[in-house]
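Two complexes are shown next, each including chain A; its partner changes from chain B in the first to chain C in the second.
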Partner chain A sequence: MGQSRTLQVAAGLGAILAWIIIWAWLTRPGGPVPTLYFPAPDDVWAKFVRMWQRPYIGSTLPNHILASLYIVLTGWGLAALVGIPLGIAMAWWKKLKWIVFPTFQLIRPVPPLAWIPLTILWLGIGDSARISVVFIAALVPWLMNSMLAVYSVDRLLLDAAKTLGANDRQILARVVCRTALPTLVAAARMALGNAWSTLVAAEILAATAGLGYVAVNASQLLDTDVLLVAMFMIGILGICMTGLIGLTQNWLAPWSVLGARRD
Partner chain B sequence: MEQSVGKMASGSTNPATEAPAKLELRNISKWFGPVGDGVHAVDDCSIEVKKGEFIVVVGPSGCGKSTLMTVGAGLENPTQGEVLVDGKPAGSPGPTRSVVFQKFALFPSETVEQNIKFGLQMTGVSAAEQEARLVEQLKIMGLELFRKSYPSELSGGMQQRVAIARALVMQPEILLMDEPFGALDAQTRTILQEEVQRLHREKHYTVLFITHSVEEAVYLGDRVVVMTKRPGRIKRVIDLPRDVIWKTGDIELAAEHPEFIEFRREIWGLVREEIVSI
Partner chain C sequence: MGVLTDRGKATAYGIFSLSVLLTLWICATSLFQWIEPRVLPSPAQVIRQFAWIITEPFSGLRLPGHILFSLERWGWGVLTAGLVGIPVGVFFAWNPWFKTFLNPVFELIHFIPPFAYIPLAVLWFGASTATQAMVVFVAAFPAIVINSQLGVAQVEKIYVDAARVFGASPFRTLCRVVLPAAAPSIYTGLRIAISNGWMALVGAELVVGKVGLGFMIAQGQENASVATIFVGVITIGCLGVLIDTLVQRSERYVLPWRRVAG
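Let's turn to the complex of A and B:
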């Protein structure tokens, strides 16, 4: 098993390397793709190193990254504060669901980006507008999956808890919420994915820093190499963050990881 | 908590005779869905379990015997009839009536230790007492080495041991077991049947035990209640000999005893009538 895993990783890395080689070949001096539209990998790398040290449109790359992370994590975190308790409560108290869910269903099909004009109207073009767009994007997966997490708890466990003398509040706190944790970790991952993917759009809202802001400006200034750096960073950070959330499952819900390893 | 059966002196000769009904299911009927139109699971069943008695309910699959257990535990309300403990309405489920489920129903997020302590913590037992009772149960059920394991790390047999320990640690007055060995392999089942038999002999638990296995019923039961096919009614109640030597040994040996064979034949005949008449 360990061997096939190594092979799998090697195959993945090999494929990425192959893409870079093809990219380098296509963008070589005198090659078929003009560097204005698609700069060579070494140019992008050089730009990356340069941006790490020197400011581009006002900030260095680390500061742009921090600005983006601040918006995304704040929006995602606030959405969690609302979405998890509300989702769990809706699954636990049927009547609350009757009241809240139809409204939620009505709002849900509106894409997060469609909220941008309204947030600008309400909140202007500062951080709060961008955070609210990310918040809306993250709220749906948080809420839906928290609800499903509660539904996914085996009814038999509730019966068992009752016969052991647990009251409703104890069952909710100790059985439902704990058993639902792995599903909540999955919810966290999906919510973050959604939040992250609205980043660029949120930063079109006249940001003064951030990876999306860098990308938009680079496109307008024909700094294609900068644009690629920004896009790579958005991709890589996305991978890192979902990876980190995956790791939290190990200490939040070790039993679920054990079970998975056995299958 | 009241004085539990588990704590009773095991020196008394035969607590089953002359004892009042500990658990009584009185004229229980259960419909799922509207009466007359839904599923009629149980029809007018009355069962009395006296203190220290081991009652086994046996019947064809789908005859409503598990429903009877769920109602007895208070997890479902009967459509008609009532459940009494010591002659009083039993009310909502609680640790007086501990339940062992066929599918174990262990909390996956909790270790063996936490699972067993669960009920004690819910009912406000002191930490020292929790620990003492936990250690005792781990020893009785042979789980000392698995104290820190999660259910997903254990075999089915071990998981059911944890579930039994979790029920017994509450020192319940009544133990309800719903096909507890139905999901286990034959060898594990044999071992656990013998252990439950031993526990009952030593501690005189009051048990209502549901099974579809006639052998299990004859080996474990003081009385066997045979149910009809759905809607489940009580077809026959058979008193089994209690203090006989073949019940104290291995189930393999018991199964060769003429008396065992005779009872098995009789009960199986009754169950078979219900199965073939479907």
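Let's turn to the complex of A and C:
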């Protein structure tokens, strides 16, 4: 088992290396792919190092990253503050669900991005427009999964708590919210994924800093190497953020991780 | 209220809450004008704008024209994603080495959000159908590959062994045993891909292009016409629901052997 895992990792690294070599070969001076369309790997790396120190369209790369993270985390966090309580309450009190759900169903099929022009008209091109679009994108997974989390609570646990004399509030706080935790971690992940990809589009459309803004400017200025740096950073940050949430599951809901690893 | 079932009550509550919302909208706009029409148009204005865009050309095309252009770009993107994604997914499950080699490229497409490809697509293809189709492709491709791979990996080994015992060639086993067994999962992948692609299309059209529903919303923003944006948003939402329903319904005809309770 251990050995085959090492082999897998080695093969994976080998494949990455192979692709970098193919990439370098294709984009070599006089090669088949003009660097205007796809720059060479060493150019991208050089640009990455340079952008780390010198500002590109207003800010250095770390500052662009921080600008993006600020928007995405704010929108995602606000969506959690609304989505989790509302989702749990909707699953718990049927009437609330009957009242709120139809409106929600009406809004849900609209891609979050389609709200961008509206938020720009209403809120201008400042941070609040982007935060609200990210909020809309993250709200759906937060709310749906919070509802699902409550529905998936074992009926037996509820009955047991009731038999032992717990009242509604105690059951909600001590049984439902805790057993729902693993599903909520999954919700956090999905919401962040949605939020991140929506943010990129929002930054392409209206921003003064951020990775999407860098990408769209680089494309207009034909700085393909900068564009690739921005795209890689977007991908890597996305992976890091979802990875971090996966790690929090270990200490938020260790029992679910144990269960998952049993086989 | 013992007369109504839960379902009936839910409908009643839903109708009630939606009508409250609509009344509020009408009150805020046409009746009392709490909100300026520039910020929030009245329902009547939105309907008028709808009628206007259907009958009069908007930026050169009537509404059906914009819809057709959007559908065309989306169709090309999803079609290519399916044509490339299904074989790739099947071979990912069939041959681990193939997967190891192609995985880095797949992960790039998977983990970089489709919208991040918009600037690159613009740079490569300019403002053509290919630009939007590429963004749709990037959005649709991973779901197809992952689900095709999953479908093939989940085929019971005994089916494959049985086919081999009866002397079927690997190709024949693939076509007659593995693919039909994996088809429901592949279909699920297509369904996800189709709706992801639709979402991505809107983003791509917002950024680049001179026709399409996304362009229409962007133009509404440009002209500060919230009614136009509403028309676009409603059309996009309705078409999204319509497409998803059609795909869901068609499953019964495309995959009649799948007898999962649904």
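Convention: the second predicted complex is superposed on the first by the 255 of 263 C-alpha atoms of A that agree within 3 Å, B and C clash if a C-alpha of one lies under 4 Å from a C-alpha of the other, contacts with A are read in each partner's own complex, and residues count from 1 in each chain.
Please note the rule applied: contacts are C-beta pairs under 8 Å (C-beta built on N, C-alpha and C of every residue); 3 or more make two chains touch, one makes a residue touch a chain.
Everything numeric in this text was worked out from a predicted model, so none of it was measured.
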Legend entry - Residue contacts with chain A in the superposition, chain B compared against chain C: C
Inset, instruction - Please indicate which partner A:Ser146 is in contact with in the superposed arrangement: first for chain B, second for chain C, both, or neither. - result: neither
Inset, instruction - Answer with first, second, both or neither: which of chain B and chain C does A:Ser132 touch in the superposed model? - result: neither
Legend entry - Which superposed partner A:Pro254 touches (first chain B, second chain C, both, neither): first
Inset, instruction - Mind working out whether A:Gln170 is in touch with chain B, chain C, both or neither, as first, second, both or neither? - result: first
Inset, instruction - Return first, second, both or neither, reflecting whether A:Val216 touches chain B, chain C, both chains, or no partner chain. - result: second
Inset, instruction - Look at A:Leu181 in the shared chain and tell me whether it touches chain B only, chain C only, both, or neither; answer first, second, both or neither. - result: first
Inset, instruction - Name, in rising order, each residue of chain B that touches chain A in their complex. - result: 70, 73-75, 92-95, 97-99, 101, 103, 105-110, 118-119, 122-123, 150-153, 166, 170
Legend entry - Partner chain A, residues of chain C touching it in the complex: 6, 9-10, 12-18, 21, 39, 97, 100-105, 108, 111-120, 122-124, 198-199, 202-203, 206-207, 214, 217-218, 220-221, 224, 226, 229, 232-233, 236-238, 240-241, 244
Legend entry - Contact footprint of chain C on chain A as seen in their complex: 8, 11-12, 14-16, 18-19, 37, 94-95, 97-103, 106, 109-118, 120-122, 196-198, 200-201, 204-205, 211-212, 215-216, 218-220, 222, 224, 227, 230-232, 234-235, 238-239
Legend entry - In the complex with chain B, residue positions of chain A that touch it: 154, 156-157, 159-167, 170, 174-175, 178-179, 181, 253-256, 258-259, 262
